C-alpha cells in the first residue's frame, strides 16, 4: 500500500491505524473518568472552617518508617474531626527532616499546611547560625503524639555490661550512631559528655544497621529510642543499661537520677525534652488562633478516638498525646534557658 | 554550529572532573578522600581521552554539526516540557504541552491532540485523587494561589 | 514440615477468597510496577488501609502478592520506552531497549516475563530452604564484606565498557564522584551542595538513570524518523510467537538463569545492599560469563534475563532477615514489615517454629504470585503490542511526561528537573559519541556503599579488615575477575 511520507498524510483519517471507533471509545472513557474524578471531589459546603478544604500534611521522611506511619494515621483521623476536610499526606524527605520542616515553616499560615518532623531538629537549632528559614520557637504547634524515651543498649556480645564498665575497660567503648549531623549522633556525644564516658563513635549506621552491628559484635553500644529497640532487647541481643526520659516508675536506671553535675543535668534535661515531645505536628508561624484552635482540638479528639488508639497499638506506636500549647511552652522553656547553659550546649554540639 | 562533538564531550568530562577535584580540596580530610580518589584518576583519564580525540585520525575527525535539525526540535521540546512542568506542574503544564506537541510537531489532528491532553489530565488526577499522591503543582501556580 | 507446607498450599489454592486476594494483589502490583516511579513502596502504602482489620495470613498474602511482582511489569517500560518502571529495572534497559529497537521487542518481553517468574519462584525456594540458617548468614556480612562486594561490582565497570575501556572507566568514575554529592554522613561535610537542600541526600539514582538513559533515547527516537509515519514504529510491533521465543531463551540459558536467581536472592538476603545492586551485579555477571561479551548493550537476551531474575528472586531473599530478625532487607521490606506488624505478625526467630503456616503461606504466595503475574502479562501482551506500535509522534510526548513524572515521584523535589536537563544533555552526548552509559549507574549505586563501608571498616578494624576470612574470599574473587578480564582482552587482541 503506497504511503506518502509527508507530514500532511497523517491529518487524513484514511491512514489512521487506530480507526475512528477506537478513538471514540478512548474519548468517551477519558471524559467519563474525568467526570467521575470530579464528582468524587468533596462537595463545597457552608459552615465549618475547613469544610471543603484540603489540608496538606507534610511528613519529612520518605514513605515507610515511624514518622510516615504516624503521620498517615494522624492525617486520617484529623480528617474525621475536621468535617468536610480532606487531609492528604505529602512526603518531603531530605537533609534529615530539614527540608520538610523548612517547607512547613515557609507555608502560608492559613492552617492548610501542617506536618511532622523529628524533634531532633532542636539540636540543629541550637547550633544553627541562620534561623530565618526555620525557627522552632516560632512555629504554631498543634500537638505531639508520643513519648520516646532513649535507652542506652549494650550488645550481648560485648564485654561492657554496665555504665561502670564504660570506665573500667581499657579501650574506648565503640558506639554506633547515624550520620554525623543526626540527632542520634548529637545525643550520643552529649551523653558521653554528661557522664564522662570514653567512647569511640562510629557513624553511618542508618535505621536497623546499628542493631545488626551489635549482633555481629562489632560495636558495643547504641543510644536509640526505646520503642525501636524493644524487639532487639526482647530477643536477647542486648541489655538496656540506662534510660533517658522514662515514665515515672520505670524499672530502668534513669539518667536524670544519675546526673551529678549541673552540666550533666542540663544535658539530660535537653534530651528528656526531646523524648517527651516525640512525633510533633506543627504549622508555620503565625497561624491565627481561630484556625489553630480547631486544629488543636481536632488533634486531641483524634487521639482520644478509640479507633486511632487501637490502630496505634496494633502498629506498635505508643501514644501519649499533648496539645500544641503544652508543646509550645516546653520548647520555649528549653530555648529560654539561661544563656550560659545554651552556650554550653552549643559548644558541646559544635565540638567535633 | 559546526564543532567536533567528540572533542566537546571529552572536554566536558575534563572540565567536570576539574571542578569536582578543585572543590574537594576545600573539604575536610575524610570528606575529601573519596572525591579525590575518584576524581584525580577521572581527570587524568579524561585528559587522555581528550588528547586521543584531538590527535588527527586520518579522516575520522570531521567537524560536523553537533545538533542536527530534527534533534534540535526534540531537544527544545524536552527542555520546553521540563520548564513547562516546573512552571505549571503536572496537572496543567504537562497535558497542555503534550497536546501542543501532538498537534504542532507530530502533526496529529486537533481532536487527537486534545484527547491526548485529556488522557494525561485523567492520569494525573487519578494519581492525585485516587492514589493520594500529591503532584508538583508548578512554581507559577504556586505563586498565584 | 511437609504436612504444613502442603496444607498451606492447599489452603491458598482451594480458597476462592485467598486466590481472589492474590489476584487483586498481583494486579495492583503490576500496575504500580509499570508506571515509572510508582513502585512497590507506594503500592504497599496504598494497600495498607485496605488490609487493616484483615486476619494476618490473608492480609500478608495480599500485600506480599502485590510487592513481589512489581519488578515483573517494571521491565515493560524499560524495554518498550527506555524508562525504568522501578529503579532495579534500569539494568534491563541496557539490552532490552536495543532489542526492541532491533525489532525483537516481543522476544525481550517474553524473556523478561519468564525470567521474572522463574526468578521469583527460585527466590521462594531459597526462602524456604534457608529459613533455618538465616541468622549466621546475615550476620556474616559486615561492613568489610560490603566494601569488597561494592569493589567487585565496581570492577564490572570494565566489563561493561564495551569497546572502549577508557571511556567506560571515565564514565564509571564520573558516576562514583556524582555519588559523593550530598551530606557525607561520616564527616558531616556538605559536598557539592552549594546551599541546595534538595542535594543534601545526594542525586537521586532514579532521576539520574532516567536522565542518562531515557532522555537520549527519546531524542534519538524522535529525531530518527518521521513522527507521522505509521510504518516507522514497525520495529516495536511483535507477535506472540516472538514472546514464546523469549520465554524459551530463558530455558536455553538455564545456567545463567539459575545463577543470577541465586545471586539475586543472596543479595536480597543481605540488608543494606538494595535492589539496584542485585540487578546490576547480575547484569555484570552475565557480561563477564558470556563467551561473546561484545553483544551486550546492543540487544543480547542474556542482558535481559540476568537482571530480571535477580529483581524477583531478591524478594525471597529479603524476606528472610525481615521475618527472622525484624530487620528489613530493603526499604520496601521496611514498609511491608510495618504492615505485617500492624496485622499482628511478630517477626523474630520464633516465627519459624510458632507460625510455620504463616511462613509457608508467604513462601507459596511468592511463588504463585510470580507465576500469576507472568500469566496475566502474557495474556495482556497483545494489547501492549498495540501500544508499542503506535506512531512515534504519539508516543514521544507521553514518554517525556512519564519520564518527568518518574523523576518527580522518585525524588520529590522539582529542582530535580534541572538535574534532568543537565544529565540528560550529558547522556545524549554519551550516546551520540559512543561513551558507554551503564558504568555510570554502577558508580552512582555502588559509590555510597563503598565509601560508607570503607569508613566503617577502617573505624572498626583498621586496615586489617581486609584479612578477615570472608574478606579474603571476596578479595580473591575480585582478583580472579580482573585476571579473567585481562586474559580475555589479550586473547582478542592477539589475532592481529
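Chains here go by letter, A, B and C, matching the order in which they are written, and residues are numbered from 1 within each.
By our rule, a residue touches a chain if its C-beta (ideal position, glycine included) is under 8 Å from a C-beta of that chain, and two chains touch if they have at least 3 such contacts.
What you see is a predicted model; the values in this text were computed from it and never measured.
Between the chains shown, work out who touches whom and classify the graph as line, ring, star, complete or other.
complete
Taking each chain's centre as the average of its Cα atoms, which is closest to the average over all protein Cα atoms shown?
Per-chain C-alpha centroids compared to the overall one single out C.
If you tally contacting C-beta pairs, which pair wins, A-B or A-C?
A-C
Give, as an integer number of Å, the spacing between the C-alpha centres of subunit C and subunit B.
Between these chains, centre-to-centre, one finds 24 Å.
Taking each chain's centre as its mean C-alpha position, how far apart are subunit A and subunit B in Å?
So the centre of subunit A lies 34 Å away from the centre of subunit B.
Report, in whole Å, the distance between the mean C-alpha point of subunit A and the mean C-alpha point of subunit C.
One centre to the other, that is 29 Å.
Pull out every residue in subunit A that's touching 2 or more other chains.
7, 10
What parts of subunit B, by residue number, touch at least two of the other chains?
Each of 106-108, 112, 132 in subunit B touches at least two other chains.
Can you pull out the residues of subunit C that are in contact with at least two other chains?
Only 42, 184, 186-187, 228, 391, 393, 455 qualify.
For subunit B, which residues are in contact with subunit A within the complex?
106-109, 111-112, 115, 118-119, 121-122, 125-126, 129-130, 132, 134
Under the definition above, what is the set of subunit A residues touching subunit C in their complex?
3, 5, 7, 9-10, 15, 17-18, 62-65, 68-69, 72, 76, 91-96, 98-99, 102, 174, 178-182, 200, 202-209, 211-213, 215-216, 218-219, 231, 235, 311, 314-316, 352
Considering the complex alone, what residue numbers of subunit C touch subunit A?
41-42, 44-45, 48-49, 52, 138-139, 142-143, 183-188, 197-198, 200-201, 226, 228-231, 271-272, 325-328, 331-332, 334-335, 338, 341-344, 346-349, 389-391, 393, 412-413, 452, 455-456, 459-460
Which residues of subunit C touch subunit B once you look at their complex with the stated criterion?
42, 46, 166-167, 169-170, 173-174, 176-177, 180, 184, 186-187, 189, 191-192, 215, 218-219, 222-224, 227-228, 391-394, 396-398, 400-401, 404-405, 408-409, 414, 417-418, 420-421, 424, 426, 428-430, 432-433, 435, 447, 451, 455
Which part of subunit B faces subunit C closely enough to touch in the complex?
5-6, 8-9, 12-13, 16-17, 20, 23-24, 27-28, 30-31, 33-35, 38-39, 41-42, 45-46, 48-49, 52, 68, 70-71, 73-75, 77-79, 81-82, 85-86, 90, 94, 97-98, 101-102, 105-108, 112, 116, 120, 131-133, 135-136, 139
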